[in-house]
Structure formats: structure tokens, C-alpha cells
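Below you'll find the structures, each written out as C-alpha cells.
Look for chain A in each of the two complexes below; its partner is chain B in the first and chain C in the second.
Right after this comes the complex of A and B.
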């Protein structure tokens, strides 16, 4: 009897941890709406959305966000123009052409690209990329739409590469063999059978990449120039633009709480959240639909039915190649490589009129050349960013730099309090997120069948995962700092970061629990063990490497984030370490952000801070990747 | 090697990593006849079949030695264009594997990749191939529909039509009926009977009755070796080797 009670109790605890994600999403929506609602009332929804002038600081303030929405869309669109051809090329190379050894280098390399903190990207973009653009085009400032798009494109690469690589790799081997057996070349097989078969997965990858780009804040603030105007003419990539996220990042820190401007910012956050939620949910719907279809062997009909085959798509497919080519050409035009773009147009013309005369062997060589070039470009981007920061940052690193507090606004002195602050923040975040996340995953995998409740919880996790980091920042500010009156302090930062990394912990744990063979559970249950005993003794122990990997990835992610903590936990400069959870701290990413945007003449320390942050985050990622690969190998035997 | 031989092997050996999967295979395959390869699971019959159009190239760390000729041409030489080889030697797989395209596009796929883009020409090829594969009557009104909507047996005949569309000299069939029900199997067997007039067919099968029914020649393989290879009547009525007799009479395998 007692044990029955205990089982029930344990089960309900797990249920609560799992339901927590849903509660958080509800709270985020609730608090954003609570603070944003009044602007919709005073200004009017339509005026707010379609008003052209965003001027909250004027004597007669104006709150129209259409320029911000257009800015967000343009920057994202530009990012995709760069990212889509590169990532699809790279994904094709990794899944179809690379040798297993090459694969084992390329996959971690792209993951590393995902690990670089956005503020480091922003820093690089601000110093290298925008300078390059300023000089190349001979314009007064390189902080432009173009710079933002290139940078966001780079940041979206890893997402698109890994999801589409997954999609291409899971095209059944039979298709490949069937095509080759008719005498098709490898490239014909790839371009006519494999990529079309993986198209839905690739579409989902691109949508996820779009979601990543729209939600990004810090990098965008640092390179787009942040002028709330619509580019004139609309395709002028050298114009400065401002995004929704950028507006939140810049203005939330200075706004008077409770003012009309404050409410307007929350209104912006609501719009941003809705856009990203729609985008992420549609990507998730496509992917889960694909997964179900694969499992059941036959796709069931749903509102978002994407069949493996449709007559319309078959007719459209030839055009997709033309569109892709047009995108590449546009990209080259945009970055000023007129000559290359002209060559491509010329080549396309030759192709169109003379393709029957070019042997398919030559076409294959050319296509593989392009695919390899895309891969090399991705690797080169990684190498340039890492190399630049390492070379310029190393001279700044010294014992004093690592162990002293900052002086003269961070121009001299060290970054010790920032390092400690960041470590405190991530330690606290993971202490909160780990039990909640593991509990949720255990509930989802072990305690329930798939049903309405798990669907709700999973949707909650997906939504949380797609929420832009700046929105977490605003939520933390509105809920923790103001509503609960905890104040700007370490604890608020820990909780905010914990909420942000929660989906990562849940997902990785879920993955590793699912990999535990069912027979182990049955073996234990058949001996008369209770469910909880089985979970505790049989299921969790072999899943620990996976859980640890997830935790470390989360730590890495949390350590690099700026947007969620900048309104809730950090100060720019303090000589002292915090003595309680209720004091604010310094943090590396925020320190780097302020040094590079607000403190002129801090160049050595700037590079040093970037390097330390990069090393810290990359170290976490590398450890996680090594652990995962080690155990993945072991599992395969 | 006589004029009626299309494929011949001498001392063909194949290793997967360390595993010696084919050992000293020597055989000559007759033009426009049906040859069956039988033997217990894992005996190497599919591996041998996949040598004939070099599908084993797709697997890493495969080593092949010995001689393998297609119409007196060395199939294993580096000069051999694998792609055009596969045009001459088509293959039908164990599980029907139509592409996720329309019925029409599945059949037109081969001609298209070999450079035929003219719609009328393609229409003719598609109709001819589907007729040849005894599928035309069943699908003529729904050529634009998904190939994945066909039944298993229809899918397999579609795959045969897809192979016929490139007009190969040899058709390899890797247990083409093992995923099909008896009625669909009978249809495929009839089809093989008809194909013999124009094509050389090499079929791997688990089913000895099937080998006896459809083939002119039969090779019995065991543990990577070709134990006995002769006309089907001889193999089934007067096998020379005890091993063959034991297998055929069902004493093992």
C-alpha cells in the first residue's frame, strides 16, 4: 500500500516538472500581453502594426512598427540568400560525398559554429565585416542591412546544415541504388532523386534557420546601424535598418517602467514572439509529420499534409533550380562581386542552350565542385572568425587580466568579476534547469503514452525552444525583477537562463532515454520492480552520458547569452564579487557588448574578453561533443 | 568464351573488410537466357549479382580480384565507366523501390538522365516499357499519380519497366518476389519468361521452385563458393555434388 502511494507521488512530481514548460510559456505570453496590452488599446492594433514612424522619444511620440517589421523581414531574407545555398551545398557534401573521416571533422566543425556566442559574432561583424563593407562600397558606415544579413546568414548556417543533412541522410538507400542502377551519375541521383525526396526536411531546416535569424538580437544590434527606416529603394542593401529584436535590445534598458514607451516595447515583444512562434511551430509540424510518416510507413492526413510526392511539386521542381540560381546571383550582386555574378548568368545561358552538348561527366564535376566550394566556404568562415579573435585576443591575455577587476571603464584592468559572474550564472541556471528538464523528459518517455497531454507538453517545449532570447530577457524583467520584486540580481539571471536552456535539457535527455532498449525495462519490471525502481536503477544510469552532454551544451549556450540577462542580472562594472544571490553581477558577454559598443579605446581588453568568452563556450561545446561521440561509438559496439 | 556468352568471370574473389565473401567464382552466363543463383542465406549470391553492375562500389572497403568480363570488356578495369556499365546492366531490387515521383516520371527517369528530353519520345518509351512490363493496362489512366500508391506487385513491375526503359542488355534481379504475395509473384514470373526473348536475365532467388520454373541455367552457391553450375534440368534432376542435392531436397538451408 505504502509503495503504491509512493509510486503515485513520484509520478505526480514528474508530471509537474513536465508541465512546467507549459506553465512557463503561458506565463511568458501572459506577462508580455499584460504589459503590452495597453499600447494596443491607446494606439490601436492597426496603427501599431502598420504605422510607419517609430519615434518614442519625440515630444509627440509615435509608435508605428512597420519599419521594424520590414527591417526584420529584410535582414532575415538577406540572411537566407546567403545561408541557403551554402548550407544545402555543405549538407549535400557531408551526407553524400564526404568520407566517414571527413564527416567526423565536418559535423563537429558546424556544431562549433553553432556554439560561438552571438555577441562574439556581433563583435566580429562590427569590427571586421562592417569595416570591410564600408571600404568596399566606399560608404560612410558599414553598419548596414547587408552586414546584418551576412552575419545572420552565418549564424543560421549550422541549424540549416544539420537539419537538412539529417533529412538527406535519411532518404532510403533503395532510392539511391535504384537510380544508380539505371545508369544515372551520382550527381543525377542526388539532384533528381535524393534532394527532391528530402525536400520537406530541407524546407523545415530553412524555416528553423529563419526562426533563428528573426530571434537574434545582439549580433543584429551590433551591425545593422539600427535606424528605424525602410530602405530606399527597398532593395538598397547598403541602407541601415532596425529590427524588432534590435529595438527591444537597445531601448528596454533605458525606458521608464510603466510609461507608454515601456508598454510599446512589450507590444513589440508580443509581435516578435508571435512571428517566431508561428515560424517554429510550422517547422516542428513538418518535421514531426515526416518522422511519423517514416515510422508508420504511410503518412496520415493532417492539416499540414506534405506528401512525399505531389504532382504540383513535380511540375514546380525544375523551377526551384532556377530560383536557387537567381538567389546565388543576387547574393553575389549584393556583395559586389559583379564579375562572378555575370559569369554565372553567362554560364546559365550556356547551360540552357547547350546542355545536351555538355557531357554529364562534366556537369557532375562542376556540380561537385560547387558543393565542395560551399563546404570550404563554411569552414573558411569558421576559421576566419576563430583565427581573428584568437590572434588579436592572445596579446591581451595575462594573469592580471584574468584575476583583476576592471579599471577605467574596462579599458584597463582585468575581467575577473565577469568570469566569476558568468560561471555563477550558468551554474545556477543548470542547477535549476537540470532537475526540471530531466524530470520532464522522464515523464514524457517513461510515464505516459503519446496523447493529448504529451502533445501539449511537447508543444510547450517547442514553443519555449523557439522563443527569442530577448523575449526571455523581457519576461525576466517584467516577471522576476518587477512583479516578484526580486530586483536586478544574480538569482533573476539564473532563473531566466534556466528557462531558456530548459528545452535543450529536456530534448537531449529524452533522446538518451529513448535509446535505452525496451527489453531492459521489461526485464526489470518482470522481476517485480516498481516503475520508479526500474527508472532509478535501470533506465537512468545508462542514460547519464546523454544527460551530461545535454547539460554541458546548455551551460555553453547559457554562458554565451547576453540578451536574456542584460535587463535582469548584470551591471557593467563592479569591483566586487557578489556575496548573495540578490546582488547584480558582471558577465562576460555583456561586458564584451558594452566594451565594443559604448567604450571607445578599449581595444586590447575587448579582444581579450572576446577570446576568453569564446574559449569558455567552445570548451563546453567540445567537451559535450567528445562525450557524445565517445558514447555513441560505444553504443554501436 | 563462346559467342553466346555475355558475362564471364574467372577466379573472382571479393572481400568485405576481412570477410572473404566470394571465393574463386568462375562461370559463364549465356546471352538471352535466364540464369538463377540459388543457395542458403549469406552464401554470397546477392554479392555476386551486385558485382555484375558494380553496385558493390557503393560499399566502403570492398576489395575485388580476378576477372570479370561483359562482352569481352574488362568490367573491373579503372577505364570502365561504371555509369555506362549500369546502363547496359540494369537491376531490380528485393524490395520494390520506386522513386517518390509519378508513375510516368519513374519510367522516364532513366531516359531522362541519359539525355532524352523530348516529350514525345519519352511518351513512346514510357508506354513501350510499361507494356513490356505488363503494367500498361493497369496504370494507363493514372500515369500522373504517385508511384507509391501502387500495390507491391505493381511497384515491382514498375521498377522492371523503369529498368527496361534504358534498354539494358542484362537485367539483374535480386530476389524480386520475396516481398510479394503469390499472385504478384506469378505475374513477375510470367514477365521474366517473356523478357527472355530480348534480354539476358540473372535472378537471385531463395525459392527453388521459382528457380526451376523460370531459369535455363542454375548456379548453386554455398559459403561464398559456386558449388555447381549447369542447366537447370541437370541441377534439379541429376546434381553432381552431394551438397547441391542435399540443398535441393531440402535437407538443409
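Right after this comes the complex of A and C.
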């Protein structure tokens, strides 16, 4: 009896942790709506959404966010135009062409790109990229849509690469062998069989990448110019733009709490959240469709089931190519690169009329050349950013820099309190997120069959995963700092960051629990162990490496984030380290943000801070990658 | 089973390595803080942009400040305007140098955050570069606003720009979008460029923007093509690296990476933005900077503000490039 009670109790605890994600999403939406509602009332939903002028500072303030929505969509679209070819090329290279050794170098390298904090990207974009664009295109200012798109594209690369690489790798071997056996070349196999078979996985990867790009704040603020206008003409990528996230990032700090403008900003946050919700839900839908499709396909063992060979798609494919080509050339014309546009048109024409005359072998060489070029480009981007930060940052690094507090507004002195503050923040965040996340994963994997409730919980987790970090920041400010009246302090920051990394913990734990063979559980249960005993003694221990990996990835992510803690947990300077959870701290990403935007003449320390932040985050990521690879090897051997 | 055990060893080693690294970093927690405090104090004079004179006075008033600090072992918190932040931080540095137990935490966020923090009683002193609105005052009847310094707003351009001076009407015409080319102002404009003006301004909740809109724009609308940056430093940075840009920043942020344009007044005087011209109010774009408390400041907050308002504190204001109160 007692043991049954205990079982029930344990089960309900796990259920609560799992349901937590749903509650959090509901809470975030509720609190944003609570503070944003009045703007919809005063301005009107339609005027708010479709009004063209965002000008809260004018004599008669105007709160129309259509220019911001369009800006967000354009920057994201541009990012995808930049990122999709590169990342798919890179994914194909990693999964199909690279030798195992090459693969073991490339995968971690692309994952390192994910580890670079967004404020470091922004810092790089502000100083190097925007100047480069200004000089290259001979335009007055380099703070443009193009700069934002390139930067966001780079930031979306790792997401798209890793998800689509997974999709390509999981195409069954038989497809490949069958195609090669019919005499197709490797490139024909890749382009006609493997990529189409992995298409829905790749689509999901792109949508996840879009989600990543749309929610980014700090990098966007620093490079797009933040001008609330629609580019004229609309494909003018050299116009400056402003995104929804950028508006939140630069205006929230100064606005008077409770004013109309304040409510308008929360209205913006609601719209942003809804857009990301839609995008993420469609990614989830596509992925689950893919999973179902694959299950069905495997059951039938039928080639014909691959959706890519449906007649409609075959008909549509050439048109979509033409449309894409037309779009790209139009855009190049618009920014004055008509020479490049001409070359592209010429190449397309040659391709169209000459493709039958070119030998398959030459096509293959050309295609592989492109794929390798994409991979090299990704590696080059990584090398340029890392190299820039390291070369400029190294001179600042010294023992004093690492162990002393800042003086003269951070222009001199060190960053010791910021390093410790960041460690405190992430330690607290992971202590909160780990039990909740592991509990939720255990509930989802061990305690339930797939049903309505798990679907709800999973959706909650996915939505939380796609929520932009600045929205967490606003939620933390409205709920923790103002409503609960905790104030700007370490505790608020830990909770906000914990909510942000919760989905990562849940997902990685879930993955590692799923990899535990069912026979182990059955064996344990057959011996008379209760379910809780089975979980505690049989299932969790071998899953620990996976859980640890997830935790470390979360730590890395939390350490590099600026937007969530900006209004919630940090001070610019403090003399002593915090002695309680109710004191604010310094944090590396915020310190870097202030140094690079607020303190002129801090160049050496600015680069030094960027380098230390980079090393810290990359160190966390590297450890996670090493642990994961070690276990992947173990699992195979 | 064997593989499993070695796996555990591996994870343990990895985690231990991580732990050791963080310990190494945090290992300085114990001796680091105690060491760093006097070191911080001693590096201040050498490193600050502050002239030696200001430091000397700061040191001279050490006794004064120390006597005031009966309130040792306390924490003082300041939040708000990034324009006021450099003053608050520099004064805090000097104050803490003389009171080794006092901890002063300065954070930015913006004028709105500073005022709200006072209304919510979450901070000892709020900083604002904007006038407190009636609505904000209504939320806190105790609110006590202290003017701590004067500030001028300088119109800045890139050093490559050949424009020598500018009138407020021209500035207004540029910012409302009716003048879009540097050559329209007469002269060579920006050599080797298309002379198209790049407008750089502040975000719409900035105190500096509010003031600029009132005084220069006379409450007409800024052009929507204006780039909006969220701090003085960001405007400075953008103007410094963009040859065709124009921007406006607090004179405390001026340095040699940009050119501050003298203003031609309606009666033909050419006035350089400087501490002297802001002080005698001949420079037309000047304003006040505030610190805000809940009721009359007491204890450490009172000591801090008194120190800031004392001659030594006002020397620091000058050293940071702002304008001292009339003395």
C-alpha cells in the first residue's frame, strides 16, 4: 500500500514538472497580454498591426507596427537566402562526402558557431561587417538590412546545419545503395534520392533557423540602424530597417513604466511571441508529419512512398526554381550589382540549354565543388570571427584583467566581478532548470503513452524553445521584478535564464532516455521492481551522460545571453560580489554590451571582455561535445 | 560493464576539469576581492581620463569624505540614465576609495528605469537625464529631485566632414528630412562621397532625444529615416565610422573620433560646445542632469549626494566632461 502511494506520489511530482513548461508559456502570454492589452484598446488592434508609423516620441505619438513586422520578416528572409544554401551544402558535405575524420572535425566546428554569444556577433557586425558593407557598396551607412541578414544568417547556420544533417543521415541506407546500383552517380543519388527523401527534415531545419533568426535581439540592434521604415523599394537590401525585437531591446529600458508607450512595447512583444509561436508550431507539425511518414514508409518498405516523388511536386519544382532565380537577380539588380545578376542569368541559361550535353561526371564535379565551397565558407566565417576577437582581445588578457574589478567605467581595470556574476547566474539557472527539466523528460518518456496531455506538454516545450530571449527578459521584468516585486537581482536573473534553458534540458534528457533499450526496463520490472525503482536504478544512471551534455549546453547558452538579464538581474558595476540572492550582479555579456555601446575609448577592455566571454562559452560547449562524442563512440563500439 | 565504468571515469574527469577551471576563476573570490579593492583604488588616478588636479582635490577631500562615512559596511544602489552613469560611477570610485567598506552599485538601463525604480522603492538613488513627468511624480509624492550637473548636447559629424559650423535651423532641417545633402549647406561637404546625410539619433524613450526634440526640433517630427541608437556611445561609434553621418550626444562623451560642430546663433555668434559655453548658457542646447531619491536622502545616500555636490565632487563632474553646477 505504502509503496503504491509512493509510486503515485512520485508520478504526480513528475507530472507537475512536465506540466510546468505549459504553465510557463501560458504565464508569459498572460503577462505580456496583461501589460499590452491597453494599447490594443486605445489604438485598436487593426491600427496597431497595420499602422505604418512607429513614432512614440512624436508630438502626437503613433503606434503602428507594420513597418516593424515587415522589417522583421525582411531581415529573416534575407538571413535565410544567405544561410540556407550554405548550410544545406555544408550538411550534405558532412553527411555524404566527408571522411569520418573530417566529419569529427566539422561537426564540432559548426556547433561552436552556435556557442558564440549573440552580443559578440553584434559587436563584430557593428565594427567590421557594417563598415565592410558601407565601403563595398559605396553607400552612406553600412547599418542596413543586408548587415542584419548576414549576421542573422550566420547565427542560424548551426541550427540548420545540424538538424538537416541529422535528416540526411537518417535516410535509410537502402535508398542510397539502390540508387547507386541503378547506375546513378553519387551526385545524382544525393540530389535526386537522398535530399528529396530528407526534404521535410530539411524544411523543419529551415523553419527552426527562421525561429532562431526572428527572435534575435542584441546582434540586430547593433547592425540594422533601427529605422522604423519599410525599405523603398521593398527589395532594397541596403536600406536600414528595424525589427520587433530591436524595438523592444532599445526602448524598454528608458520607457516610463505604465505609460502608453510602455503598453505599446508589450503589445509588440505579444505580436512577436505570436509570430514565433506560429513558426515553431509549423516546424513541429512538419517534423511530426515526417516521423509518421517514416514510420509508415518503413512498415511498407516501399520506395514509392517517398513524398518527393509525388507528381505535383515534380511539376512545381522547375517553376519554383525560376521564381527563386528571378527573385535573386531582381535583388542583385536593386542593389546595383547588375554584373553579378547578368552572370547568374547567363549561367542559368547555359545550364538550361546545355545540361544534357554536359557529362554527368562534370556536373558531379561542379556540384561537389559547390558543396565543398559552402563548407569552406562556413569554416571561413567561423575563422574570421574567432580570429578577429582573439587577435584584438589577447593583448587585454592579463592576470590583473581576470582578477580585478573594473575602474573608470570599465576602460581600465579588470572584469573579475563580471566573470563571477556570470558563473553565479548560470549556476543558479541550471540548479533550477535541471530538476524541472529532467523531471519533465522522465514523465514524458517513462510515465505516459503518447496522448493529448503529452502532446500539450510537448507543444509547450517547443513553444518555450522558440520564445525569443528578449521576451523572457520582458516577462522577467513585468512578472518577477515588478509584479512579484523581487527587484533587479541575482534570483530574478537565475529564474529568467532557467526558464529560457528549460527546453534544452528537457529535449536532451528525453533523447538520452529514449536511447535506453526497452529490454532493460522490462527486465527490471520483471524482477519485481516498481516503476520508480526502475527509473531510479536502471534508466537514469546510463542516461546521465546525455543529461550532463544537455546541462552543459544550457549553461553555455545561458552564459552568453544578454537580452533576458538586461532588465532583470545586472548592474554595470559593483565593488563586492553579491552575498545574497537579492543583490544584482555584473555579467560578462552585459558588460560587453555596455562597453561597446556606452563607453567610448574602452577598446582594449572591450575586446578582452569579448574574448573572455567567448572562451567561457566555447569551453562549456567543447566539454559538452566531447562528452557526447565519447558516448556516441561507446554506444557504437 | 567495463565500458560503462570507464565512461563514468571519463565523465567524472570532464566534470572535474570544468570544476577546476571554474574554481581557478572563482578561486580568486576569496583573495581576489580583498586584493582587488585597494588595487582598484590605486589604479584609479593613473588610469582615469580625469586630470590630475581633480584627483588631487579628491584626495584632499578624503578626510572630509571619510568623516562623513560613519555609515561604513553599507551598500548604495544607483540606477537609470546612461548619460548620468559616468558621473555616478566616477564619484562612486572616488567615494569608495576613501571608504573601504562602502559598496556602491551603479547600473544603467535608462532614465525610465531609474525613475520607476524610485517609485517602486527598489533603489536608493535614481538617475535621469530627462525631466520627471507629472504622471511619474503623481505616483510618488515623496519624490525628491536634485540637480547634480549641467550638460550640453553637441551636434557631431565625422572628422572627414568639411562643414565648419551649423545653425539650429539647419540642424532642424536636416533632422526633419528637408535637407538631405551635405552640399546643400554650402561648402565641399564630405569629400569622396555622395554627400547624402546619414541621420543618427537616439531611441524614442531616451532623455537626450526628448530634450533634442523639444529644443532643436521645437516639437516637430524627426525624419523616419533616422537611425536610432540606444546610447550616447553607440551614436558616437556610428558617427565616428560613417563619413556622412550626423548625430547628437552629451558633451561628456565627446572625443577626437568625431567633430563637434560649433553652433551659429541667430545673431551671428559662433559658439563652440564646451564646458565654458554651457556654463554661461551661451551654448543653446543645454540641460540639467538629475538624481532622484525617495524623500530627503538619508545616511549613505545623503553622504554620497553631498560629496557629489561638494567642490571635490563637482571637480569629478568636470573631469568626466560635464558641466559643474554654478559655483
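Of note:
To be clear about the criterion, the second predicted complex is superposed on the first by the 597 of 637 C-alpha atoms of A that agree within 3 Å, B and C clash if a C-alpha of one lies under 4 Å from a C-alpha of the other, contacts with A are read in each partner's own complex, and residues count from 1 in each chain.
Simple rule for what comes next: contacts are C-beta pairs under 8 Å (C-beta built on N, C-alpha and C of every residue); 3 or more make two chains touch, one makes a residue touch a chain.
None of these values were measured; they are calculated from a predicted model.
By the touch criterion defined above, A:528 lies against neither chain B nor chain C after alignment on the C-alpha atoms of chain A. When the shared chain is aligned, chain B comes close enough to touch A:174, but chain C does not. Look at A:360: by the touch rule set out above, it reaches chain B but stays clear of chain C. When chain B and chain C are set side by side, the one touching more residues of chain A is C.
In the superposed model, A:100 lies in contact with chain B only, and not with chain C. By the touch criterion defined above, A:451 reaches neither chain B nor chain C.
Overlaid on A, the two complexes show chain B and chain C touching no common residue of chain A.
Note for the complex: chain C touches chain A at residues 3-4, 7, 10-11, 14-15, 17-18, 21-22, 25-26, 28-29, 32-33, 35-37, 39-40, 43-44, 47-49, 75, 77, 79, 82, 85-86, 89-90, 92-93, 96, 102-113, 115-117, 119-120, 122, 133, 135-136, 139, 193-194, 196-198, 203-207, 209-210, 213, 219-222, 224-234, 236-238, 241-245, 253, 255, 257.
The residues of chain B lying in touch with chain A in their complex are 53, 55, 58, 60, 83-88, 90-91, 93, 95, 97-102, 105, 109-110, 112-115, 117, 144-148, 159, 162-163, 165-166. Residue ranges of chain A in contact with chain C, taken from their complex: 53, 55-59, 126-127, 130-131, 134, 138, 140-143, 221-222, 225-229, 240, 242, 249-251, 253-259, 261, 400, 402-405, 407-409, 411-414, 416, 419-420, 423, 481-482, 485, 487-488, 542, 544-545, 548, 552, 566-567, 570-577, 583-584, 594, 596-601, 619-620, 623, 626-627, 630-631, 634, 637. Per the touch definition, chain A reaches chain B in the complex via residues 100, 172, 174-185, 188, 192-193, 196-197, 307-311, 314, 356, 360-361.
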